[in-house]
Amino acid sequence: MTVSVGVLVNPIAGFGGTLAMHGTDELPAARFDEAVEANWAGHRMTLALDSFLRTGGEAEFVAVQGLLGATQLAAAGIHHRTLGSPPAIRRTTRADTIDAARRLLAEGVEVLLFAGGDGTATDIAEAIGTRMPVIGVPSGVKMHSEVFSRSPVGAGRLLADVILGRASSELAEVLDVGEGGFSGVVGMLLAPRSHEALQGAKTTTVGSGSSAARGIARELVAHSDNAVTWVIGPGTTAGAVGEELGFEPTLLGVDVVHPSGLVELDVDENHLFDVVSAAGHPQLVLGVVGGQGFLLGRGNQQLSTRVIDSIGVDRIHIVATAEKVSALFPPVLLLDVDTPSSLVGYRKVRTGSRNSTVMRVVDAAAQFESAQR
Amino acid sequence: MSTIRRYHAAAWDEAIVFELGAPGRRGVVPPASWAPPSTEPSFAPGLRRESPPALPELAEYEVRRHYTHLAQQTLGMMGVSLFGTCTMKHNPTVNEQVGARHEIAEVHPRQDPSTYQGVLGIVHSFEAELCNLSGMSAFSFQPGGGADAAYLHAVITRAYHASRGELAQRTQVVTTAQAHPCNPAAAVSAGFEVITLPIEEGGYPSVAALKAVIGPKTAALMLNNPDDMGIYNPHITEFIDAVHDVGGLAFYDNANFNGVMTRLRARELGFDACMFMLHKTFGAPKGGNGPSVGAYGCSEELARFLPGPRVVKNGEAYELVEPDGSVGRVREFLGNVPQVIKAYSWTRAMGTEGLRTAADISVLANNYMEKRLMAIRGVSMSLPGKALPRLEMTRYSLEEYRVETGLTGGDVQNRMTDFGIDAFWMSHEPWIVPEPFTPEAGEMWSKEDLDEWIDVLEHVLEEGRRDPELVRTSPHNQAVAQIDGSGLNDPETWAVTWAAYRRKHAQV
Amino acid sequence: MTGSAHPYMANSAAGSMQALLDVVGVSSAEELFAQIPAAHRGDSNIVPSAGIRSEQQLRRMLEDRLRGGISTESHVSFLGGGYWKHYVPALCDEIASRPEISTSVWGTPSSDHGRNQAWFEFASQLGALLDLEFVGLPVYSWGCAVGHAVRMAARMNGRSVVVVPSNLDRERRLVVDTYCGYSELNGAVTVREVAVDAATGMISLDALAAAVTDEVAAVYIETPNSWGVVEADIARMIELTHDSGAQAIVGVDPIALGSLASPADFGADILVGSIQPLGIHLNAGGGVGGFIATRDEEVYARQFPTLQVSIAPTTREGEHAFGLTLFAQSSYGSRELGNDWTGNSVYLWAVRAAVYLALLGPQGMHELADTVVANARRTAELIDELDGVSVRYRDSIFKEFIVDFSATGKSVEQINAGLLARGVLGGHDLTGSHDGLDGCALYCVTEVISEDDVHHLLGALAEVIAA
């Protein structure tokens, strides 16, 4: 059975890296053509599709007309179907990416392959959310979101696994510079994970990802009483505790569940401080943000030092999937805070209902200085 | 680069045993009963089988030929296999022959101990030798492998804390990310929670991390040292002291004993218990995955919890006893006795000096390999520059090569088998470096064998640069081509028996 | 190393060693142990012993220690108790001794293809005997198989009691107790005994019905049971178990299944047992090996703690290979999140069992079972005729049976000592194992026992009892 695969390329992605521009979000208009000419993302997409075609799955590629996919596929000689007429403007924008992703979804494609970076992932998350699985071909400058494969070849193989039914999808956090200029979780995508189990080969572990998060949540909630005021930090792992408590967490903000059962979503720092100061038994569930291991200061600035101190270190549960923490070497969690935090030191990190690890929590600035030495 | 061997595995295109033979053929015919024919019904109504079991029907020579073909389609250790973490050893034939003697092979474990004193005496002597090598006071050979010995430790930990009235409180076992997966798994199976210490910058977990998580809930520490990267945690005694200070037990998974034989004794480091794998370190064959023995050693204090039966010497006689605080059994009877006898024989053949030489060679040969491997483009090592020189293993990575060519360690591994080099071990979970591979030179293989292994790796990496498809689609010279594993985890397609296969894949 | 090289170590030859030292750039291997702090070293505490490099001397040393030992070959043996002497076909020894097989470690589906196929054929043939399609590769022993099966059931239904027969063999029972854990810790299962009816030697159905409450995760039954009796109402027991939502685990003797229907045909959920009778020597206890088998249903398959190989296509048209299935749910794949734990086991015995079942075939297994039961019942009948000696349940046994010597005024220990002096290994002493068994022994008779052997036993027994 042929699977319909949407292909989306951010034509200027990756160009910013060489200019130390930290991405192409603010690429000067004058350099747009230069970026398109470099065709970095198009090249990476071609590598991924070549890798996929070698494994020989049955797929039909669908791309929107022009620089957001069809042009690059045509140049690489990859057979595909094209949607619609060329965009009116030559220079593509965020809005074009969002529009293209929505058109592919409307066209009924079953999985989307895109080449870009965190910015592109953010746009796609805004466009389609978790309505179809998305594979990121790493082609940007910043790629902290969980949707990216390790290499274009890996993305191609993962696509093959999806088409062969050897993959299942899980929520993936999209990280980027969000509103207000801080970076953190800005959206969610559905990302496939493959289950390859050849003898002696790396396998996807059971009980990882979302099921581990559910296990942690069940254990935490089961060992608490009705007097607890829950503070749920951003991210899917912490969010699972919200689900266990019976509400849908914002995932991007900090939510509070009062002993009365009252839920407050996405609270700000001032209110949070009032809440935890007044609470008899506050408990904070704190996830680890992204591939760099930030615990505070990335999309959760609401959890200020005074909020943390008011809750108390012993009432803070750091949660993360084993996958996420084992990718961190050295095993360090970072704090980006202005004032010294009581969280600094070795802290237990729950990775499952019956298992945990321990990681060193450090001030990111101090860590940077020690790395400089 | 030296010449690469021209190799091809036997490829018989051998059918499944159910496809062979024909109705009515006989392999081995059992004797008829000597009892006079009975007229009574043998069993209660309805208990008899209505139709014969759907087994194959082959003449004896067909069975012999079939399984000989299967043996020929198995590489085993007949090429060069540097399967790290498994310590490939010479398995002397004389031990197989001695083990097949009736005084061992035909002994029923419920015979009176007085009738097989020779066997029990050897088991006892070997226990004494392992006590000598580890400093422990007693050993049990009942565990059926290293993982089972880890389980026995978790079981003895339960009994120890229960005997002190502290079990309900002591629910946590601490291990490390580089400990074999069986350690945390066995601990959880015995009812404990697991706390895993990560590997830090120096290549091993820190004492500070340990101290952050131990306390009145701590039941035991379970770890290896050196680990599978050949890294020795120099603070191990502080680990043990810290765990003892909070009332926990310390277990030494001696899976990586080969490089430290005759240099380190578990008990003197402070461990309460340890484990040796007789099918790895002590020269007994692995048999594909056992019969194996995880010899579990412990202190005098823990010896009373050991499972029975234990061999003890009373005057001139060897007797079987149940220790007074015994945990009972982790498995029936005395253990895989023939493997114990093979290990004893191997140890006597080696002598103390031989064991020391074996450790010397295994560490020296690993460092030799490291010199050569690190000169190969695309190969890097875990934690470069740290914890040098490595002991009997080094963990490498093909990540640079993968980035360059898109080929994975699995691809390279498959292609190496095309030259008679068996699979390397990648890494136990979790993977600390991407695309890992872990060769272990050991003391058996010659310098020429190690060179051949490295030459083949280098050759395959070059092939992959020239012609990635050749490597990706390998093996090409093996008994069968690359498996299509896509259906292995799908209940609609997996088939672990022929009957399931026939049912699910009826068209074939 | 002084003097010449050691035969087990190629690089112990002086020139080879020196070549390695030269490349590494050290003068002695000792320099390479720099990671280990001096204070940790225990070198001087080891009492040295000399090596024996001569194979001839080594063999002589071992043989001198073993010579004169008594075995089931030198003596006629009636020992059993879940561990039985059956004939081991010569071909089982030959194939298992082949060095490709005996030295294999892990390999790839291509490089160790033949061994993987043998494993698949083990599971397939055992499955044919059990009438089940999902069979794991072997676990350490029968008792371990029971323990894992109980834990599988408890994970499936979240319950925490297992019901076992009161006469369960002590070795297996102790293993089950260990696997069921301690109530202070997580995941413990309580072992609840169900009485065996002394009149029939079978589990009492009334007692079973009372024991199987809604906390029961699984009922474990054996047939033939630990007293050798074939349970007549196995179907009803399985039904009772299912009525309360528990899993029915049944322990079987694969040899008996040559002529008995598999309990799977009566609805048993998980079958376990020993592979030792399938071509594996007694090995002083080192021949134990267990199996776990279920219907090929995902809900069961996902609970196996074993490894298993599945047949799968290769990239070459029409060709098969065998790869690990559900590897990720083992502890190798998922550490402490896996099902129990997995490690080296007794897979070489799987190869023996595969050869054994291929040799015996359907007719062989059927004839063997018939021979065994006929020999055993006839022997039981003859022993029962001895003065002061009686055999229990002899019309419903398979190959083991209880011989009651209590009326002879002699203990089993005394009788066995007398038998030993007459070249016979008497049955396993059951004194103290269960109420009403003082002065009783469990006898095992299989195809290896000849009519002469039985007359030898009868003569010896008569003498010993009269003495």
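By letter and in written order, the chains are A, B and C; residue numbering begins at 1 in each of them.
As a working rule, contacts are C-beta pairs under 8 Å (C-beta built on N, C-alpha and C of every residue); 3 or more make two chains touch, one makes a residue touch a chain.
Please read these numbers as outputs of a predicted model, since none were measured by experiment.
The most central chain, judged by C-alpha centres against the centre of all protein C-alpha atoms, is B. Averaging Cα atoms per chain gives one point for each, and the point farthest from that of chain B is the centre of A. Between the chains B-C lie more C-beta contact pairs than between any other two chains.
Between the CA-based centres of chain A and chain B the separation comes to 39 Å, rounded to the whole angstrom. The mean-CA centres of chain B and chain C are about 19 angstrom from one another, to the nearest whole unit.
If you average the Cα atoms of chain A and of chain C, the two centres end up 50 Å apart.
For chain B, the set of residues that touch two or more other chains comprises 184, 188, 193-194, 196, 413, 423, 425, 429-430, 483, 485, 488-489.
Among the residues of chain C, those touching two or more other chains are numbered 106-109, 186, 323-326, 328, 333-336, 338.
The set of chain A residues touching two or more other chains comprises 195, 197-200, 205, 354-355.
Of all the residues in chain B, the ones that touch chain A in their complex are 177, 184, 188, 193-201, 208-213, 402-403, 406, 410, 413, 423, 425-426, 429-432, 434, 469, 472, 483, 485-486, 488-490. Note for the complex: chain A touches chain B at residues 47, 51, 54, 150-151, 153, 161, 164-166, 195-202, 205, 322, 325-326, 329-331, 345-348, 351, 354-360.
Residues 195, 197-200, 203-208, 212, 352, 354-355 of chain A are the ones that touch chain C when the two sit in their complex. Of all residues in chain C, only 106-109, 186, 323-329, 333-338 touch chain A in the complex they form.
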